[in-house]
Every structure is written in C-alpha cells, then in structure tokens.
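Here the chain labels run A, B, C and D in written order, and each chain numbers its own residues starting at 1.
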Amino acid sequence: MSRVNIDLPGLSMKNPIMPASGCFGFGEEIGKLYDLNELGAIALKATTPQPRYGNETPRVAETASGMLNAIGLQNPGLEKVITEQLSRFDTIETPLLANIAGTTMEDYEEVAEALSKTGKIGALELNISCPNVKEGGIAFGTDPQLAAELTKRVKAVSNIPVYVKLSPNVTDITVIAKAVERAGADGLSLINTLSGMKMDRNTGKPLLANSVGGLSGPAIKPIAIRMIHEVRHQTELPIIGMGGVSTLDDILDFIIAGADAVAVGTANFINPFVCLELSQALEQSLERQQINHLYDIRPKEVHLR
Amino acid sequence: MSRVNIDLPGLSMKNPIMPASGCFGFGEEIGKLYDLNELGAIALKATTPQPRYGNETPRVAETASGMLNAIGLQNPGLEKVITEQLSRFDTIETPLLANIAGTTMEDYEEVAEALSKTGKIGALELNISCPNVKEGGIAFGTDPQLAAELTKRVKAVSNIPVYVKLSPNVTDITVIAKAVERAGADGLSLINTLSGMKMDRNTGKPLLANSVGGLSGPAIKPIAIRMIHEVRHQTELPIIGMGGVSTLDDILDFIIAGADAVAVGTANFINPFVCLELSQALEQSLERQQINHLYDIRPKEVHLR
Amino acid sequence: MKKEDMIVRDNREIAQDIYEMVLEGNLVGEVERPGEFLHINTSRHSVPLLRRPISICNTDKQKRQLTILYRAEGQGTRLLSTYSTNDTVDVLGPLGNGFPVGDVSSGETVLLVGGGIGVPPLYDLATVLREQGATVITVLGFSNKNVVFYENHFQKLGDVYVSTIDGSFGYSGFVTDVIDQKKLSFDRLFACGPVPMLRALEDKYPNVKGSLSLEERMGCGIGVCLACVCHTQNDPDGSDYRKVCSDGPVFPWGEVVL
Amino acid sequence: MKKEDMIVRDNREIAQDIYEMVLEGNLVGEVERPGEFLHINTSRHSVPLLRRPISICNTDKQKRQLTILYRAEGQGTRLLSTYSTNDTVDVLGPLGNGFPVGDVSSGETVLLVGGGIGVPPLYDLATVLREQGATVITVLGFSNKNVVFYENHFQKLGDVYVSTIDGSFGYSGFVTDVIDQKKLSFDRLFACGPVPMLRALEDKYPNVKGSLSLEERMGCGIGVCLACVCHTQNDPDGSDYRKVCSDGPVFPWGEVVL
C-alpha cells in the first residue's frame, strides 16, 4: 500500500487523481504525452446513445479565474465509443469511469448497459448535470425524484458501480445526494459546472452560440468545497471532488473538505501534464512530511469512510 | 436629461451606479472621501430590528478572483440606524435604498414600516438571500411562496417601493422573481453572494468562523449575468444588477444583459473611490461615443422597460 | 509538442498595437511546417486563465529562436506586450498541422493572401516556398496604414501587393479587389485571415488548389476539449467535424464550412 | 488617506523571507503616528483580489519615503517580493490610529515588545519616543535566528533584548521569559505581535499603562465592511465592538478581547 492509493467502488486507484470528464476526451491526445498508467483513474467524455455534434461555436469564453463552455456533449455515440475508443485502454491498467448522458431515462439505460457489458469500464458516472443541452440531463439533476428513479434504473441494468455526478445549480445539493444514495448509487461526483453567461459587447448578445455555458476553473472552487463539505456530512457515499483544482494545495483542500478522490478538469487545458505532475507532487509531499496516507491529513470528524 | 440618468421606482438616479448593500456601511467612511451626491443611489447596510454583532472572526477569506464573507448582518439595529445613521444624508440628494433583514416576517415588517415612515428612504430592498445567518432570511429567498408572502406583507406596511434582493443559491431564480413580481414587488436586486467555503489547511477545518461564507467579486460575474439575463426575459420588473462589477466594461455588460442599474460591492474594498470613478468614466465614454443614453447600448429585444 | 518556459529575446511594437516577439527554446527544434502555432499562457496566475493561440511567423533553428507577431488587443495579448527581454513565457507547442508545403513543386506560382493579423504564418510559408523553388506572390490586406507590417519582409521573397480598406496605404479596398485589378494568376492559393476574406476567396476560386488557415476560440489547443470544431462542407448528417487546433488550423480548400 | 501609485525605491530580503521595501509618494506626508498601516494591492488583476495590511516601519517625510517590512508568505506578499525598483505599487493609506505617543512624557521608560512580523511598527515608535525624550527598552522575539531582523536598528535607540524560541539567537524562549530574567521595569508598555504573545503580556501586566496593536483579516481597511471587528472586554450584552482597521489597530491595554 502506498501513501496515495485509494479504493473506491469499481475504481482501484494508485493515486486519488483523475482527469474530469470532458477535459481529457477519450485519452487519445494526452495519452501521447505521458503514460496513462500514472493516473489514479480516467473519467471519459460523456457518451450518448447516438453521435452528437454538439453546439455551434463559439463554445468557450473566458471569465475571471474561470471559463465558460458549451460543448453540448459532442461525442461519437455509444457504438463508436465502444469500437473505436475503448480499445485504446486495453494495455492500460488505470480504471475507467465512463461518463454517460442522454435525454431520456432509456438513453442512460442503453449506454449504461452496453458500456458495463464491455468489461472495460470500472464504474459509470451519470451526468445528470450538464447545463449545456436543452433537452435533458439537467432536469434529472435538479429534481430529487427523477434523479433517484434514474439511478435505480441504471443500477438495474449495470453490473458495475454507478456514480452520480451532481449539479451545483440547485438550492440544496444534499437533497439530491441523499435521494440518489437511497436509490442505490455507489458514489457521487461533484461538482459539475455552474450555469453562467458572458456578453459580447460588440453584438449586445451572449458570446457563446448556446447563450449559456458551464462555469469551471479556480473561480468555482469555493462553491465546490462548500458543497462537498455539506454532502460529506449528509451521506456515506464516496465522493469524487472537483471544481477548480489545479495545484497540490487544491487537492489537499478537497480531501480535507471530504472528497475521497479528486478530478481535474479545466486545468488540463492550461497544462496537459497537470494530472501527472500533481500525482507526483502529492506523493512527494506526503513522503517529505512523513504522512503515511493521504487520508491522515483529514481532521478526524471528516474521516467518514 | 443626461446620458446616464435613470428613473427606477423610488430611485431617481443621476447615474446607474450605486454601492451595493454591506459594501459601503452607512456611508460614513466613504462619505469623507468624496461627495456622495455623485452617486446614482446608495444601498445601505442591512438593518435588523435589534442590534446584531454578527459572526465571530475570521469573517473574510480570499478565493480566486473573489472573496468570501460571513459578516452575519452586523448592524446597530433599527433604532440607532434611524437616530444615528440616516441624518448623515439630510444634506445629500442621492436616493437611499434601505436593505432590510430579519429572522421572521414580523422583523421585516417592523423595519420596513419604521424606515419607510422616516421619509428619508427612497425604496426598500428586502434581503431574503443572506447566506451567512443560520436563523433565517435565506429560507425566504429559496421558497417562492415564502418570498411572495413576505413581499406582500412588507408592501402592505410600506409607503415606498419595495425591491426584493434575490439569492443565486437556487435551482431556478426566475421562479422566485416571478413569485415576488406577482406579490407586488416594485423591483429586483440580483445577485446576492453565492454560498461558498474555504478550508484552513493548518487546522483541517473551514477557515471562516462561520464555516460558510458568501462568494462575491469578479469570480461570480458570469453567474450574475446569466441570472439577470434569465430574469429579464421572465419579468417586467426593473433590475438592479450586481456581482463582480469593478470596471466600466462590467457595467456595460450588466446593462446589456438586462440590468437597469448596477450596484458595486466588493470592488469598493479594493478601491474606495470606485463608484465615483465608474460614474465619471461611464458618462465620458458615452459622450465620446456620442451615445445619447446608456440604454441605447442594449440590443432592441432586451429593452423591455 | 513541448511545454516550455521560453526566453523572450525581443518584444517590440512594429505597428500600431502589433508586436514582434522573439522567443528562444528547445521547442523551436520541433517546428515542422509553416502555419503551426503556439499556445501561450500569458500569465502565471488565473487571470487570464486560458492560453492564447498565436501563429509561428518565422523560425531560426540554429539559434533555437522563433518569431511571433501579435496584436495587443484583449487581456492576454496586452499582458504579453508587457514582457521584457529575458523574461520567460510558458508556451505549449508547436501545435496544429501547418500548410502542406510538400505538395508544392518547384516552379509553381503560389499566391499567398493574408489579412490583418492573419499575415504572420504566411511569412514562414513564403520563405519555405521560395527555398523549394516556387514563385511567391503575396497580397496583404490591412484596415489602414497604421497597422501595416512586414511588407518589406515579403518583398524580399517575391512580388507583394498591399491593400488597405481605407486606402491610406497601398491599393485601396479588399485583397480580392487587388487580385482582380492586377489580374494575378497562380497555380495554388494559401490564405490566412478573417473569415469574410476567406469566404470571398472561396467564392471567387471555388476549385483552386490550396489551403486556408482558420481561427476559432480554443480551450486546450491539443484536440481534447472540442471547443474549436467546425463543420465539414460535405457532411449530410451534420455530425462530421474537424478540430481547428489539431486537424487544422490549415484545411484544404473547400473542406470545412467557413 | 490617499490612494496612490507609490514608487518602489528598494525591495530586498533582509532575513529569511523577510523583505524591506522603500516606497516613495505623497502619501508619506499624511502619516501622523507610528503604528499606522498601509493597505497594499499586490496585483493589478483580480488574483489576489484583496489588499494586504502592512505596518509602516519608518518614514522620511523629507524624501517622501517610507519603509515597510513584510514576510513573503502567502500569495500577496510573495507577489510583493517580486517588485523591482521603480515599479509602482497601488497603496491605500495611511490607515488606522497608531500608538498614542502624545501620552508619553519625557523621561518615561517605555518597554516595546515585538514578536516576529509584529516588530516593524515598533521601530518608528522607538524613534519617535526617543525624540520625545523617553527611554526605550526593546524586547524582540523571533522563532529562530534566520528570521531575526532590525536588532541593530533598535540598538541605536536603547537597550535591546532579542529572544528566539529555539534559542538559536539571543536569549532562549519567549519575550516574557526575557522580561522576567532581566527583571525589566518600565512605566509604559507598547506591544505588537501574535495574539498568544499579547495575551501573555496582558495576563502578566493586567494594569500596566500601554497599548497593543492587533491583526485581523481585513476587507476594506477603512471601516466599511466590518470584516475586522473584535469584542470589547467590558461589554455585557455582546453587541459592542471595535474595528481593527479604523478604531485600531492600536488599542489601549485591556480594551479589546484578544
């Protein structure tokens, strides 16, 4: 056992760091930059039953210490993900967290069932929180009953653990967290992006083609930390924490606040090597301080798991 | 008529800029730095029926492009506000927007009635969105029925216009906006701070004594813009927009997005002259571009008022 | 592709708000073709957060130096303009595919058309094409006299025609007006500049051999985030796409929707 | 109070992570008493967002210069340490009330006790007190030898005792240990340093004449935001308070709850 390995349902991680969904594609590009075996896990880009082109451009905009994106769940669709993307990981031991999305419950069931059957996925992550597609997803993330029902139905067709990725665009995130816990979720991912907008002063209109986009990056970290802290005290589920992580200190903050693992999103765009660098820095830092295991940095009362 | 004057219910403003509640106290300190007549309006610090000390310190923490505060509605209480604070404005023409808070509906009624009777206040701003006091306020801000009832009751005892200051910590801010509009609100203020947290790595605990604090500053601007844009398309009420304003461009963005006036909060802490400087810069900029009136920068379809 | 702290060797304003920056580092050794770009982190903190894509204008592999030209306009590029000699800049690159110079035979006449801040990559391109024995004709369009740059540099490599929209320098009008007026003929066309210019060229020469370089707002710059996609022209079901950062920024004439 | 872009005349490390910075500007003319502070914007962008309160250590009104000493520790102070001579810094000040030097009569013996980065304001204080004809004894506490600074400066103004917690320099232990050991006697006590030190002094000398300077996290620095409040000791209903930024940072002995 190392200082940094952790075991989450379906994800046996050599360190607590994974790229966040949508910020690493399907590993193709960054896999050329470093050995993906160095990662704790990998969250894949959202997969939907059919291929999606996503929204028109511009799809990104910059804000103070953050960015807005409205990619719109662009992905090659379930079939191509299985045939063209997953084989890339055949020689890689790092567990995969497959992010799945859709417009109807049936969409989620279809993708969940097919992906879990491939035997190549460690766990599923239900994206019920994408603010960038009008038709759905987000409704499941804001209504506890719908979230619970979706969780139940996906659990029923999956033979691997199911994480639910929560939306921060809600009045009380603990209500959704508890609802999906009762419905049988194996873990939680939080937070997804906050719904935001930037104006284009030249046109007087929103800058993004989709008008609204998801806010990510350092700007949202205090909101992520607050939500993780709240959820940690209300559920027993393991938490994959994310939102603005880009430094070693950020990772420690998330672990202290109650996350069991940490996902890194936007920071990959500024530094494609960031996940690798952070995992090395984390191990070295604990070694230097002679801390036996990462979780020992938590104050006792947070150490629920 | 100047290029920048605007008329909102109870607030006849020579320019669209006012300091935001809680970021200007009762005008005592900044009133020594410049002539308060230069401001469009002044939002006063929240007043509660009784004096409040507020939360323990630390009360502020810094985040990426933002800050957290957990002042906890410290104020001298209704009586002293009337006897000691309001007289400062006897020689000042700038209209006052009195921010009122409380734990019960009766609290709001009491403060609203007393303040509106003084004849010194242009309009009231119901703070139903303070994330930093456990007992109340925030519940009124997240439940549309409570928000509407509170609005009705305050309207019944006030002889001046009533603005409702909305919380961004909700799933759908337009629901609350429409509820208070139907209940008779004369205007809306948005957004208040987002609930956030920062960890203290030395103790493993939240840094703020109150654990949770309100996030303000440039980091939240995209969220404010999105909410103002949404609300603008769902209600007819005038909107006082705020959240991260610190430059002239920020003001233009808020006006384009749908705000009718703009409040400046956190930026006063970095530059106590900011409201003065912005109002001068705005007028000069419109003059240079020969724009007759500020609202002419809006695309037509936003121009609801 | 490297992520490197490159050393600033020079950074100066060469026209109104147009800067020429010389950067030194090992990354220069990896540049393969004209039209590749750098993704530059203009700050060490989170404002601005995202990198800025800037084309490579010229490389000197022996000196391990390259030149970029940029317009100091928004937050990031204005910040870049404040860098001094010997400062370091966090650069990711080289990125993108570059112009297909290998397709050009010796003796061909190649027309290069650049608009505004789209001009820089054409300089490296002109240099390489000349080395390959091609004849280079360059048409550069700017909005006005104050922002004209590098016309002398191009003059050393072939005929150059400069136009300004307001007529304050060179020919008056758009680049297409100059091409018409001068009845320029050519075997191949490479273009980089604002989309309206590219569109006008495609409309004018629907079947020419050539390539164009596109701009799009980017996140990662390496093909991961799907911020920078564009549609392909021949795409019945609308799900086909190209990424400007990694499939482009240079695309064959007529491949993508402008 | 002014908001001014002051010019950096010097900025150098004088002990481990301890910097001495000399700033020039008109604001210096407004400094009235030792113990006042500056509120410094360490960046021109929004990271870090808030100003940093730093005490004025010394002023030279003729040269329009003042000195500050700071520990480069967090984001803002580390950034401050990168400023070079002739750079400008956005400063708000002078702020706060300062030590009540007017209360001190000629001939009085004043004990100054400083801990760590609480030492700087005492230097200006010692200078003024000496000018007023008081006898100054200074006790300075640091954590270890590497972070000791300004002991020579104080030596020119009176007796100085330096202690380090680990005993690596001067006396070993806390400032209160030194005071005991040396049996120092005095008419008045001024102190600035970490709260545990201030508390130990208050416990030891509950009835001494004197003042102490407090630190608290600040927003505005000018009394507007109520970030920096503290309770008063004599306050039955818990609603009385002082603002460290504008009522303090210097408070009469025993006035506020530490």
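We take it that a contact is a pair of C-beta atoms (placed from the backbone, for glycine too) under 8 Å apart; a residue touches a chain by one contact, two chains touch by 3 or more.
Because the structure is predicted, anything quoted here is derived from the model rather than measured.
Enquirer: Based on the averaged CA atom positions, which chain is farthest from chain C?
Expert: For chain C, the chain whose C-alpha mean is farthest off is D.
Enquirer: Any idea whether A-C or B-C has more C-beta pairs in contact?
Expert: A-C
Enquirer: How many angstrom lie between the CA centroids of chain A and chain B, rounded to a whole number?
Expert: 34
Enquirer: For chain B versus chain C, what separation do you get between their C-alpha means, in angstrom?
Expert: 47
Enquirer: Where in chain B do residues touch two or more of the other chains?
Expert: Residues 63-66, 217-219.
Enquirer: Going by the touch rule set out above, which residues of chain D reach two or more other chains?
Expert: 46-47
Enquirer: Connecting every touching chain pair, does the picture come out as line, ring, star, complete or other?
Expert: Contact map by chain: complete.
Enquirer: Could you list, by residue number, the parts of chain D that touch chain A in their complex?
Expert: 46-47
Enquirer: List the residues on chain B that touch chain A in their complex, please.
Expert: Within the complex, chain B contacts chain A at residues 63-66, 68, 142, 169-172, 194-199, 201, 203-206, 211-213, 215, 217-223, 225-226, 229, 244, 249, 252-253, 256-257, 297-299, 302.
Enquirer: Show me the residue ranges of chain B that touch chain D in the complex, using the header's touch definition.
Expert: Spelled out, the residues of chain B in touch with chain D are 22-25, 28-30, 33, 51-54, 57-67, 69, 71, 74, 217-219, 246, 266, 268-273.
Enquirer: Help me check something: in the complex, which residues belonging to chain D touch chain B?
Expert: 1, 3, 41, 46-51, 75, 92, 216-231, 238-239, 241, 246
Enquirer: Contact residues on chain B for chain C in the complex?
Expert: 64-65
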